[in-house]
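Just so it is clear, A, B, C, D and E label the chains in written order, and each chain counts residues from 1 on its own.
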Amino acid sequence: MIQDLIDLLRIIVFPGFLFFAVLGLFFEWIDRKFYAKLQNRVGPLYAGPWGLFQPFADFVKLMAKEDIVPEGADRPLFSSIPVFALALSLFAVLFLPVCGAQGVLSFEGDLIVVTVILTFFVILVFLAGFSSASRYPGVGAERSVLQLLGYEIPLVASVLGAAAVTIQTEGSLQIKSIVETQSSWWSILGIQALGFAIFLLAAQAELERVPFDIPEAETEIVAGWLTEYSGKKLALIRLAKDIELAFLCGLGATLFLGGPQPILPGFVGALSSTIIFVIKSIIVLLILTIIRAAMSRLRIDQMVNFAWKYLVPISILQLLLAVMVPRLIVI
Amino acid sequence: MSVVDIPIGPQHPAIKEPLNITCYVDGEHVVGAKLRIGYNHRGIEKAGEYQTYIQNLYIAERICGICGIVHAFCLTQATEDIIGKEIPKRADYIRTIGLELNRIHSHLLWLGVAAHEIGFDTLFMYVWRDREMVMDVIEDFTGNRVTYALMTIGGVRRDIPQEKAERILKVMDLLDEKVRKYKKMCLDERTIRMRCDGVGILRKEDAIALCAVGPTARASGVPFDVRADDPHAAYDEIPFRVVTYDTCDVTARLLVRIDETLESISIVREAIKRMPSGPVRIRVPRVVPTGEGVGRTEAPRGEVIHYVRANGTERPFRWKVRAPTLANLLSIPVMLTSRGDYVVNIADVPITFASIDPCLSCTDRAIRFIDVSSGKSWVWTFSQIKRMYWRD
Amino acid sequence: MPIFGDVLKTAFQKRATLLYPFEKRDVPSDYRGKVEIDYNRCVGCGLCVKDCPAAALELVTLPSGNKKPRYYLARCTFCSQCVESCPRKAIKMTQFYELASYNRRIEVVEPCGISY
Amino acid sequence: MTLEEEIVNKLKEKFGEKILEAKIQRARRIFITVDRSTYKDVIRFLRDNIGVTHVSTISGVDAVDRFEVIPHFSFKGVVISVRGLIPKDNPEIDTISDVIPGAFFYEKEVHEMFGININGHPDLSHLELPDEWPEGLYPLRKDVDLQTLLSKITKERD
Amino acid sequence: MGLVDWARIRSPWVIHFNTGACNGCDIEVVAALTPRYDVERFGIRLVGSPRHADILIVTGPVTKQVEKRLKRVYEQMPEPKFVMAVGNCCASSGAFRNCYNVYPGLDNVIPVDVYVMGCPPKPEAIINGVVKLIEKLRGGAS
C-alpha cells in the first residue's frame, strides 16, 4: 500500500510528471535567456527574478485564452493532439534515470521504447498539420515527415552506439545498465564523441530548432503545423515541446555523459544525483542553444541531402566503430 | 502531386509589408508566382496636386519611411530644375551626406532582414545592433531617426556643425570595421551560402529587358547607377565605385549591398572632408513658375524618378513618382518560376523576394496592379517578352 | 564557421540593451518632438496652419476675437515646418517623445483662456 | 556635340516635322513632343538606332485640353522624355511594351489612372483600383475632384 | 491580482500588421525587438500567426484594400485581444489626409486600446506604449 503510494508519487510528482513539467519550463527559460545572451540582449527579465517565470507566465496566459478550432478542421483529431503530445512526452521522461541509475519505468529493452517514442512525436506533428485543414500546417506537416526520414537513422544509430558497450558487456539494452557502465568512463570520452555530435544534430532536428526548424519556419510558412493552434491547445503543445526538450537533453546526458553518475566517485545520494543529472542536461541544452544561435535555417532538400550524404554514413560508421573498438580491445 | 497555391501575405512574418504573393507549388517546388500589391495604395499623387510644394515635401518623405529622404530629394531636384536656381554648394554636400547615411542604414537594415528570412536571427540581431549607431548619427544630425525633414526647395534645412561632423566620422570608422566583418561572415558562413548561392537567378539579359534597377540590376552585372550616370548633388566631385557582381543570385545582391555600404561610408567621409563653407539654403518663392522637371537619384533600392509639372501656382499640376521596387517587381515572377535546371523551393521564396529589397509603400503610393498571369501563362508571357526583345 | 567564435565571444560581452523605462538615453538637443506653441507671442497670422502638411494646426477664433492655432497631437508629422514658417518664433519643438495615449481625441492643445 | 544634341539631331533628321518640339532643358534632360501617331515609331527608333533599353517610368498627365503620356527613358545618364499627345475625346495610344518590355507595369498604371486605352497591351484586364472601385472613375483625371474621391471612402473625417 | 492577470501582463505576444504605412513605423517596431531595446524583457514575442497573438500592432493609415484583411486578422485573434496603433497616420490619417484611399484613423475600422504618437515614434516611445498598454491591462484586472 505504502509502496503503491510512493510509486504513484514517483510518477506524478518526483521525478515524474510535475518535476519534468517544471524542468521543461526551466529549460525553456535557460534556452531563451542564453539565446538572448548570445545575441547581446537580455531576454526575459520582468516575470519573476531574471524572468525565471516567463515560460510559466506564457503557459498560464495561453491556458486562459480563448480556444479557437478553425473551421474545416478535423475537430476530434485537432483537439486531441495536444493531449496526446503531452501524454507522450510525459511518458517518455519516465524512462530517464533522474535519481539513481534507474528511471521510474525501467525494464529490459526500454531504450527501444524510447527511440520509438521519438518517432511518435513526428507522427503527432504530421496529424496535427493535416487535421488543421490549412495550407501552412499542411506544408509544415509534410516537411516534418520528410525531415524525419533524414534524421531518424542517425538518431537511432547514435543512441545504439552509446549502448554498444553495454550490449556487449552486459548483453542488455536497458538504460539502467548503460548508466552503470559509465560509472567510471563516460561514453563521450571515447569513440562516442562522434556519436554525441550526431545525437546533438539529430536532437536539434527532432526538436525543430534552427538549423532544422524547417517544419515551423516562421518566415516561410508562418508557424508551420502550429499555425492554427491557439489558447489551451497551444499551451499544452508548448509544454509538451518543453518537456521534449528536457527529455532529449536528459537522454543526451544519460547516454553520453553518464547520467546521474557523480563526477567524482563516492559523491552519491538521491538528491545530489538529481542535481548532477540536471546540470549535465543543462550542458547539453547550452550546446543546443549555441547551435541554434550560430546557424541559419537549411532548406528541406538541403537538410535531407545533408542527412543522407553525411549524417547517415557517418552515423553508421560510428555505430560500427562503437561495436568494433571495444571488441578489439577485449580481444 | 497536384499544384497547390500558397498565399504569402498580406500579413506574413517574412514580409513586413502588405503584399500577396501566391505561389503555385508542386510539392516543395514553386512552379509559378502571382503578385498582388496595392494593399499600400494611398493615393499620394492625387493628394499632391491639392497641396503646396512645401507640404508635398513632407508627404514625399512619407512615401517611404526607409528611403524617404530620397523622395524628398527627387522632388526638390525636379522643382529646382523648374525654378532654375543654383543651390549653394554646401547644401549639395549635406544632401549627399544625408542620402548616403540613408543608404548605409537601409542596406544594413536589409542585411538584417535577409538574415532573418533565412532563419539566421543572430546575425539579424548583430546587424541591427550596429545599425543603431547610424540611427543615432541620423537622429543627431536631422532630429529624427527615420523622417529626416532635411530637404527643402532651395537647399537643406539643417547645417552640419563641426562637432556633429566629427561624431559622424567617428561612427563611420566603427561601422567600417563592423561591415567588413559582416562581409567576411557572409562569405565564409556555410549555411548562409547554402541558402543564397544560386537562388533567385536573374540573368543579365533579363535584368536589362525587364528594366531592373539598383542592386538587383548591379548584381546581374548591369552597371546602372544613377549617381554615376547622371551626377547630382555632390556625386560628380566625390569619387566612388559602382559595385557590380555577375553571379546574378541572392549572394550577388548581398555582396553588392555590403560593398555599397562600404562605398557609402567612404563617400560620407570624403564629403565631410571636402565640404565647403557657406550658406546651406537660398530663399525661393512659394510660387513655382510654369514648366516641368525630372528629378532622379539612386535610392538604396535603385533608381527613383519624380516628374513634376508646374503651372505657376503654389501647387504642382502633376506630380509623378516612380519607386525602384515597381521596376524590380517585374523580375520577381521570373526569379520565382522553376524552369529546367533552375528549381525554386518554397523556402527560397522569402529570401528571393527580399533580395530585391522590396519597399512596397513607395511602389503602391498611387497604383496597384494585379499580375493575373498564373504560373504557366507567365512563362508564356515571359518568353514572349524575350522574343519581343531579342527579336534579332 | 567564423560566426561560432563571435557568438561565443558575445556570451561574455556586456549587454547592448538599454533597460528603457528604467534607464533613459538623452535625446539630441534638436530632436523634433511634440510641438509647443507660445500663445503669448503668437499673433495668429496662420502661416503655420497654411504650411502644415498634416493639418495638425487649426486656426480657432477665441472669444476675444483673436485667432490662434489649435494643435492636434495625433495628426502631427513632427516635421518642424511650422517652426520655420512662424514669423514670430512662437513655435518650438520640444524633446518630448513619449507620446502614448489611450485616446487620440484628447491629445489636443487648446489655446483657450489666453487673450492676446 | 554633346550626347543630348546628338540624340535630338538624329531624331530630327529621321522624323523632321513630325517632332513637334525638341527641347534640351538642361544637361541630361531632353523633352521631345510628338503626336501619338509617331509616338511608337520614335521609341522604336530610339531603341534600334540609339540603343535605349531602359524605361524609367511613364508619366500620364491630364493637361485639361488633352492627355499626355510621357515615357522617361534613361540612356547613359540622359533622361529622354517622349511626350505623346492624345486628344481627350479619343483617349488611346499604342503600347510600347513590345518594344521595351519594362514598360509593362507603367502602361497598366497609366491605363488605370487616366483611362487611356493602351492598344496592344497584353494584359489590361481588371486594373482598376480597389475591387469595389466604380467603373469609369479615373482618380488622376483633373475633372475628378479630390473631395468626391475622399467622400467615397470615408463618411466621417474628424 | 490573480494568477491569470499576472501571467497576462507578463506575456504579451504581438503580431504586426502593416496597413499601408510608409515603413518608418514598421522598422521602428522591428528595431524595438533588437538588442538595443529588446522588448523580450517584457515577455513580448513577435509571432507570425494571429492565433497565437494577444496584441495587434497596427502601423500605417488603413487603406481601403487592406481593410478586409485587417478585420480578418483581428477576428482570428483569440480573446482577450488588444490593439495598439503605432504612428500618427494610424491614429489619424496624418500626412495622408488628402489621400483618397485612406481611412482617417484605425478606430474607424477596429477598436484601438492605445495610440503611440510620433512620425515615426522612437522605439522607446513604442516601448512606452507597450508599458501603457500593460498598465491598462493591470487596471482592467483590479
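One rule holds for everything that comes next: contacts are C-beta pairs under 8 Å (C-beta built on N, C-alpha and C of every residue); 3 or more make two chains touch, one makes a residue touch a chain.
Predicted model, so just to flag it, every value in this text is computed and none were measured.
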Other chains in touch with both chain D and chain E: B
Shortest path length from chain A to chain D (each step joins two touching chains): 2
Chain at maximum distance from chain C, centres defined as averaged CA atoms: A
Between C-E and A-C, the pair with more C-beta contacts: C-E
Distance-maximising chain from chain E - centres being C-alpha averages: D
Inter-chain centre distance, chain B versus chain C - centres from mean C-alpha coordinates, in Å: 28
Rounded Å distance, chain A centre to chain E centre (Cα mean): 35
Chain B and chain D: spacing of chain centres that average the CA atoms, whole Å: 23
Chain D: positions in contact with at least two other chains: 129-130, 139, 146, 149, 158
Shared interface positions of chain B, touching two or more other chains: 12-13, 38, 41, 43, 46-47, 50-51, 58-59, 62, 122-123, 125-126, 129, 144, 147, 189, 368
For chain E, residues that touch 2 or more chains besides their own: 34-36, 38, 41, 47-48, 64-65, 92-95, 97-98, 100-102, 105, 119, 122
Pairs of chains satisfying the touch condition: A-B, A-C, A-E, B-C, B-D, B-E, C-E, D-E
In the complex, chain E residues that touch chain B: 15-28, 30-31, 34-36, 46-48, 50, 60-61, 63-66, 69, 73, 89, 94-102, 119-120, 122
Touching residues (chain side chain B, partner chain C) in the complex: 51-52, 54-59, 61-62, 122-123, 126, 129, 139-140, 143-144, 147, 149, 157-158, 181, 184-185, 188-190
Residue numbers on chain D that touch chain B, as the complex places them: 25-26, 28-29, 31, 53-57, 59-62, 70, 72, 74, 76-79, 81, 97-106, 108-109, 112-113, 122-123, 125-127, 129-130, 139-140, 146, 149
Of chain B, residues touching chain D in the complex: 38, 41, 43, 45-47, 49-50, 81, 208-211, 224, 226, 228-231, 292-294, 296, 303, 305, 307, 309, 317-318, 320, 322, 326-327, 329-330, 366-373, 381, 384-386, 388-389
Residue ranges of chain D touching chain E (in the complex, touch as defined): 129-130, 132, 139, 146, 149-150, 152-154, 156-158
